[in-house]
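Same chain, two partners: subunit A is paired with subunit B first, then with subunit C.
Now for the complex of A and B:
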């Protein structure tokens, strides 16, 4: 409520609502006009029914749990490796000079092409999906952790050294608190690509998970269900995105807020 | 000395990893039915050229990437300029663009298959749709970051809207327009190769899919190597190009 009132005061709520209504009306007009196949652009009523059909289907939640588990494992593995490598890259200028450029160029290469090889390593089950997500999120987490470590105010480091802090104390007391906000931002980026990696892998080869459900709906030409699934995925991605972004902003504001 | 030593170390590390792998497979530490010997992978490379037409597949992928990237740059820059020009539109639609930029659009590829058929058009449309939102956001941010004092000078010189756009806004926002172009080509290549692989159609992505479905392991690894090399060269060129432009500007 408070957020809505704030938007109202700043004069953004009304235009945003109007834009949303406009877009939905344009969709409905396109659906009813018959210019495109009715099945491909279903009217809003059919979309809502499709979305409800997905949410009310207990089978969906079972598959969502599978995908969620794969995603969590992928983030844990890829994120931990990315943070560890990022700390090394950030701390050592020599290693960064030797390898970071390659990492920057490797980061955007399409990871899905590794899927056939990952199947060989990790099997056709959830293992290869987890590996796919982990490989995807490793790079953005590495790069933003390295940048975050380099962005730590050198004064903080000098203070820590003049107090004769050990390396592990510097890591825990200086680097991690000072770099946590940009690192969380990296995790946010990593989450996005890990989600894509896991779901695309599921659409390519799987017998469970949300990606599998999408392909099933495609094979049956059940467009409202496919839209329903995609809407759920986009909402889930947006919600996690906002949550991590919020945590990052709070972490960034934290030390200053505590000082005041 | 340090500047030249570090990149050399990087290359040396990669070479020694390859040699280590060759040795590990040779003595049976790594299963050769999972990872072929690097020498076998290298031996598969000529086959990719003569039998799998890697050159023409490369041209297909690059063509689709540039089509999607150019389209996303044109449309995205125009939309971004429009959102900047009409603040009400920006307030209304920017959140939607941000949602689209964060949404995993490529997942909707079965939907695009239904809409456009299993053709190059589908590949280009998906890559275009994925690249468009980031370009729009980048352009709006670029225009909005133009220093207000420049605009004030323009107004005090009595510039009209068209002159203001051509002589102040565009030159000042040009670096971020180029960032938009880089983003468009980047998202373009990622999605083109990914979709080619997923729907097994067209260029380099489909080549990997083909070879892996034939259980041609050295070929698959060689093709993955080629794609990684192509995209690393592509991104390195974009990176270098943008830095060169920024230095000149």
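Now for the complex of A and C:
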């Protein structure tokens, strides 16, 4: 409600609603026009039925839990390693000069090329899917964290050092509070690519998970179910994205703003 | 007192030993879930045939035979089902650790080609100049399309269109004139009159006695798990017999593949004769090896001793 009220105040709610309605109307018109193969662009009624079929299927929730678990583990591993490496890269000019260029080069590499190697190391089960997600999210989290650490006001660091703060105190009392918002934005980016990595891995060699279900629906040409699954994934990703974005904004506002 | 302690210790040891005698685990990669040919392992496991042999299967599905073969060669899985024979010959010829442990499919009777109902094409014979789909280069669909041109003395325009699902989209939207599929995919569309079947793999007689797809295993797994793989083959044979004999098996397949029992029956009896799926009938490897050279999968045909090394199926050897 608060979000809707905020949108009303900013005057963006109406254009957003209009854009959504226009998009749905355009889809329906295209589906009914016969211009495109109707099975691939089903009408909205069929999409709604497909979505309902997915949500009402108990098997879907089991597979969603599998994907959710893999994604959470991937984010925890890749995110933690990314933050730790980002703190080191951000705080050490030497390490950044020596290695950060490599990270920048590796970051945009399509991680799916590593999947055969990850299967060798982590097996064909959930391990390789978690590894795909972790590798995918590691780089954006690392680069965002490193940039965030470098953006910390030097005055804060000088003050901390003048009070003879230890390294761990500087990390906890200065770096983390000052860099938490950009770091969360990095996690948000990392979440997106981790989701892609996990789902992609599930489509390649698996027997469970939402990616597996998507591939099975496509193999049977059950397009309404496939679209239903895609809608669920998009909604889930959007919800997590909004939640992390909200947390990042709150962190950026700082404790004083939050108290007010 | 001492005897009681001894008995208790022995009982505890027996309990601790129990997991060691648990079922052997085999990892199996299979492409195209829903296909009759690829149903044997999962349905057999559900029906308890593999359990009876002391096996638990971890079944993983891939996008197709190429990925299945890759998973086997890398050692990620022990066994792969439904892999194109030319690809296997090519990989073995290059030294990959792969062995053929059984036949998946003899001939190409399961493959069919179709057009949208409104298409002017009535049969492959009169489709000269038309675009025609196959899955990937070197696959059984590629070979049949080459065979169509040879048998009917026509020039077609072959297009690598991928899976039956992606081919269906391209064919029904007019991007390709003639699409390919493998049952149960697309059979209902043909029955309802949306599409017409204009050709079948069986129109090309060359493949009638050739194993176009095979069951493979990683060479290391064949050496380390020979007994488990033998038991896998035994359970596979038993499951296959059940699939063709018991109406309950058809119902199980229909449920698994998401098709009606009537369609399941049609798929089994029209497209997959049991004899063509017998795992111990590994046929035509010499001829396939010769042809693989022409298709550049092999630099030279495999020698008899190489084929003996490649094929690790005791029943076929007898």
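Going forward, the second predicted complex is superposed on the first by the 244 of 260 C-alpha atoms of A that agree within 3 Å, B and C clash if a C-alpha of one lies under 4 Å from a C-alpha of the other, contacts with A are read in each partner's own complex, and residues count from 1 in each chain.
We take it that contacts are C-beta pairs under 8 Å (C-beta built on N, C-alpha and C of every residue); 3 or more make two chains touch, one makes a residue touch a chain.
Quantities reported herein were computed from a predicted structural model and do not represent experimental measurements.
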{"item": "Contacts of A:23 with subunit B and subunit C, given as first, second, both or neither", "value": "first"}
{"item": "Touched partner set for A:218, first subunit B, second subunit C, both or neither", "value": "both"}
{"item": "First (subunit B), second (subunit C), both or neither touched by A:40", "value": "both"}
{"item": "Touched partner set for A:120, first subunit B, second subunit C, both or neither", "value": "both"}
{"item": "Which superposed partner A:203 touches (first subunit B, second subunit C, both, neither)", "value": "both"}
{"item": "Subunit B versus subunit C, judged by how many residues of subunit A each one touches", "value": "B"}
{"item": "Which superposed partner A:237 touches (first subunit B, second subunit C, both, neither)", "value": "first"}
{"item": "Contacts on subunit A seen with subunit B and repeated with subunit C across the two complexes", "value": "36, 39-40, 116, 120, 203-204, 215, 218, 221"}
{"item": "In the complex, subunit A residues that touch subunit C", "value": "36-37, 39-40, 116, 119-120, 123-125, 203-207, 212, 215-216, 218-222"}
{"item": "Parts of subunit C lying in touch with subunit A, wherever the complex brings them together", "value": "27, 29, 32-34, 58-63, 67, 70-71, 74-77, 163-165, 168-169, 172-173, 185-186, 258"}
{"item": "In the complex, subunit A residues that touch subunit B", "value": "11-12, 15-16, 18-20, 23, 36, 39-40, 94, 97-99, 101-102, 104-106, 108-110, 112-117, 120-121, 192, 195-196, 199-200, 203-204, 211, 214-215, 217-218, 221, 223, 226-227, 230, 233-234, 237-238, 241"}
{"item": "Touch list for subunit B against partner subunit A, complex", "value": "2-3, 6-7, 9-10, 13, 34, 88, 91-93, 95-96, 99, 102-104, 106-111, 113-115, 186, 189-191, 193-194, 197-198, 205, 208-209, 212, 217, 220-221, 224, 227-228, 231-232, 235-236, 239"}
